[in-house]
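What follows is subunit A paired twice: with subunit B in the first complex and subunit C in the second.
And then the complex of A and B:
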């Protein structure tokens, strides 16, 4: 596999072209910086404004999007970057190194025989890698047809495909509503929305809510759509098991008591070919952590990057924006991106309005997290043969067998029973394994150790060999 | 719109430009295309965005490609993947 490095040194390299990265790149460019914008996807937009890689396909899903006008404005602002050769679509960043006072963003592009590594150099970095769905295991969750809520949404927004004909949407958080509404509008039967939280949970956060009325409007729109399609929405309700021979056929759903346990006698069965399930999101911290950026544990239990009021991380020259600084939605990601882009371009924003807006949106996010916790009862519903780590096929029983061998936390369990040692490097099971180990041993979970990964995306061996010594990597 | 297709385990699967292999297979009603290495359990799309590696399949002889990310292309030969997928390379 070839490696190519350009001698060009950009003022700012932005990794991630979602709401945060798009805003950062556009703002930095508008302030005169020479910007590179790098994303693994073919089209900018990230998760929120995920776009199909084809115009005709994009047209058929446009009605599912919110704020498309805003998206187009953000894309318009990065046109100059593209014209100047600074837009790197389909470039998956696997790590960042340093060379002669600059950062070198190492990305893989192309597939098969065409695969090669590209090094993109910059004086300053804005990292805006976003997040992925947080999951907890339950019996049967490894059956095909059980999908993440985000994945179901990505299929619809990015590929114009409804994941199933009869879909159940479950988990917790405001994100479940757009997923269910999108499916219903696109012709799928949504057999039910099962939100684990109590409808009263928001009542305690009125202050944060009234400052963000627009968000309520969006939510109300989804609720109307669901009502129009007669989709039953149940609160304090949870999917406790998935059933089927080779693929998902049925789900057991149940009502939750206030302590997160299942109310006796409340279990019922629902037919479904797809379950879209999500328990919030987990920030992607591989790149910031590889660079040594300081982290903290957020209100939702996720590890996030610590940033100051200019989105500066603890590492000189590295800015972080969007979900990697805390899960808070696309609006907050855009605001953080604007602030990070300006600061990275060397002209920090003095616009107090944006800073105030960020504060209000962060308060809203904190209220959202408080109202939508992962109800702890899921650990009690695991059976010995429930798969915890999907990659290495580690069951609860096998995880438990590591206890007498001395496992007392997620990291030692990983060495003894292999959860998190597979392809996904513990991205899917890390949260769950640390919760389970903590419940068994009483040792508090350590989000840092489960988030530590060597590379941001798995590589073919040839790629690693070719870049073992980045300074000797030749132009090809 | 012209009809385009790739083959999946020998049979044609239609797709629209811009769709991934995983999206086209889902639209065609195919739910699973991989069996796990240890227990031979069926797997298909899970995260949908390249994070979980559940959706691996064999594309033009290359195993371990993520169906959710790999764009569909006319004439591609796609096969389901058993275990490590390297069985496909053995003659």
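And then the complex of A and C:
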């Protein structure tokens, strides 16, 4: 354990080397800024271009990737940052603070006894921390074998591992298709894709769709792959329960009526050893919120950072790009990163094309959210013994017992029944608990209270303590 | 449009408002509790829930604390300890230097005269109490009377018990002012939405007691004193009691504005270890202070070296409601007939809640108070004409 802090003050520190952060760092560096790029992963790419830490696997996952040429260009552009000592891989940021007019990004690197803290200073920040899978509980979802769609995809792209032999992919959103296609191409049997939305859902947003045919092209490719592997794709279809003795063995799937309820008589059983389920994503806002950046609720119900057309947050010197400003996919993340990087370097882009492109991609994202809502019926399908918070093993019944004590929202429920108090700090259950409480009490959900977390990533107390100046704490 | 009337409106559904509501309802008064947020969602949700006598020297606060402690035990006996998650875990105060040990010894001797039980613990016996404590600490004192509750649950349970006695609890209701009759007496409480006719109002708004007092016509000098608490990953039970270093005692009594830290370490039912707490006067500044986290972590590791390997999962902070003389304000505001205050309990509101609630109930019903309220008189800050 220990700490290192250099006096070097970068012009721009970028947190996150996914599509948004890579673009921001490269653009800022190209404009002459001294840039630091920080990511918890060993290799840049983020979720979309997730790369194996082990180079030997890179070849075997290349076919899973889209736009690899673009990825390579973005990585090429940050080579100079690496050469100048500004690339900090395997550096997980636990918080960001301010000191004497500069920002200090506090990151943890090394594992076990080697863990230490590194302070990276910058005059301006670009935060591009991305998002994580949004989940909702259903009976049996706590069985081993029930995984998030993003988690299954990360195993595949990051480790060349197919999570199961016979996999069902379910939930909603265009992201289900690459997950299913990737699994099928990698040798797993995909027993079915169950998309909750109606096939007609995009119809009303045809304008936004037409302007983004490239995205559709990517989707069409996945559909062809799935057809080739004879993967059944069902729409208005949902997994309502998972079953198994010790691990997942079977799933009950059903057809949805227009109101989100299950059509009577439509339940069937499917055998599977893995379920990859995804209900969209939740932006990771710990770092922007630690600095006090203003937030708003996006069309998909997620809390996101408020930014202006230069990706400026409400806090002077702090720019935010990518999923943290609203879930919109990798293309939008790259565009936002380019804009944020330029602005953070002090040379705001005047290229109207890029600004127009961002607008079009945002419209597309809004259409996507409108077409793929989380159908509300899931709350009615919870049973009293369905676990809501897996870390603290809080069931629906336990949550309900907090109502007569006065619990009326996610925060008071957490204080009285403990959902969200455990290891994941409500990342998994926060959305669900706030929806359930709101459904029960009629009090609108308050996403702010479930998004703020004082410690973005757990670290050892010895590491926190290590940089403490011993003289200041001497016993008085 | 007005709500149904009641004898008393209590402003604030924190631990203090909950205790006032419960003891008031038990004394036969009809009570309405109003809170702008949720039940127990204020400073009550930002603390550790300790019920301490170990940190108090003889004086009115200790008297209030001892009375409160026995009321907590009565409540647990009456409603079930589970309703409050009350645990009689005891406190271990550890000196970190020989000088610290001798001042702890003399402090403890003084406490004895006030009714506090303190058992001296020799250096080699410290680990009988806490096996994971650092080696070589000079000695300490064990305080068997120290206890703990889950504070939000405790507030919610007291309010539920008050409701069973007929009280009404309305959340999401911000108090904005009072209506007063020709004689100056309070006749109703105004909120952002409506009015609540009442003969008396109890200002139990904690750290916001000054603002609420002012809105009701009688301000009190309650100010925020920020504190951070660190929460570790869940562990098997590794810390049995509440354990703190002896210099905590000096901090609590201090009037110094600067940052003070001295680690207070304890295990919780959930398995997490809580490490509190800092004290600093920085207004309502909500930003995370990494400096404070570092100091608390270092001090906790000095007491329990194994903590160096344990991960910090989160931290939280709150603003203790304090008065210039570090005593709460409990009693009638003679400037505004019908107005009572019950706030400013600083870092001890959980411990002091039941006796505060009972005192307020006595004052409301005119029963002889079971404890001398003079030291808590709100008027002590007001220059009154002789």
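As a convention for this text, the second predicted complex is superposed on the first by the 463 of 476 C-alpha atoms of A that agree within 3 Å, B and C clash if a C-alpha of one lies under 4 Å from a C-alpha of the other, contacts with A are read in each partner's own complex, and residues count from 1 in each chain.
Keep in mind that, in the parts below, a contact is a pair of C-beta atoms (placed from the backbone, for glycine too) under 8 Å apart; a residue touches a chain by one contact, two chains touch by 3 or more.
Not measured: the values here are computed from a predicted model.
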Please work out whether A:292 is in contact with subunit B alone, subunit C alone, both, or neither, and reply first, second, both or neither.
second
In the superposed arrangement, which partner chain does A:258 touch: subunit B (first), subunit C (second), both, or neither?
neither
Given the touch rule stated above, what does A:83 touch, subunit B (first), subunit C (second), both, or neither?
neither
Name the contact category of A:423: first (subunit B only), second (subunit C only), both, or neither.
both
Just checking: does A:404 make contact with subunit B only, subunit C only, both, or neither of them? Give me first, second, both or neither.
second
Partner chain in contact with A:106 - subunit B first, subunit C second, else both or neither:
second
Let me test your reading of the model: by the given contact rule, A:443 touches which partner, first (subunit B), second (subunit C), both or neither?
second
Note: overlapping subunit A surface for subunit B and subunit C spans 392, 422-423, 458
Per the contact definition, I'd like the list of subunit A residues that touch subunit C in the complex.
1, 95, 97, 106, 290, 292, 392, 404-409, 411-412, 415-416, 418, 421-423, 425, 443, 453-455, 458-462, 464-465, 467-468, 470, 472-473, 475-476
Spell out the residues on subunit A that touch subunit B in their complex, using ranges where they run on.
40, 42, 47, 52-54, 56-58, 111-112, 132-133, 142-148, 150-155, 158-161, 163, 246-248, 273, 390-393, 422-424, 427-428, 457-458
Complex contacts: residues of subunit C adjacent to subunit A
13, 38-41, 45, 96-97, 100, 152-153, 156-157, 159-160, 169, 171-172, 230, 232-234, 245, 247, 250, 261, 270, 272, 275, 287-288, 290, 293-295, 297-301, 307-316
Taking the touch rule as given, give the residues of subunit B at its contact with subunit A in the complex, in rising order.
1, 16-20, 22-24, 26-27, 31-32, 36-39, 41-54, 56, 59-60, 62, 65, 68-71
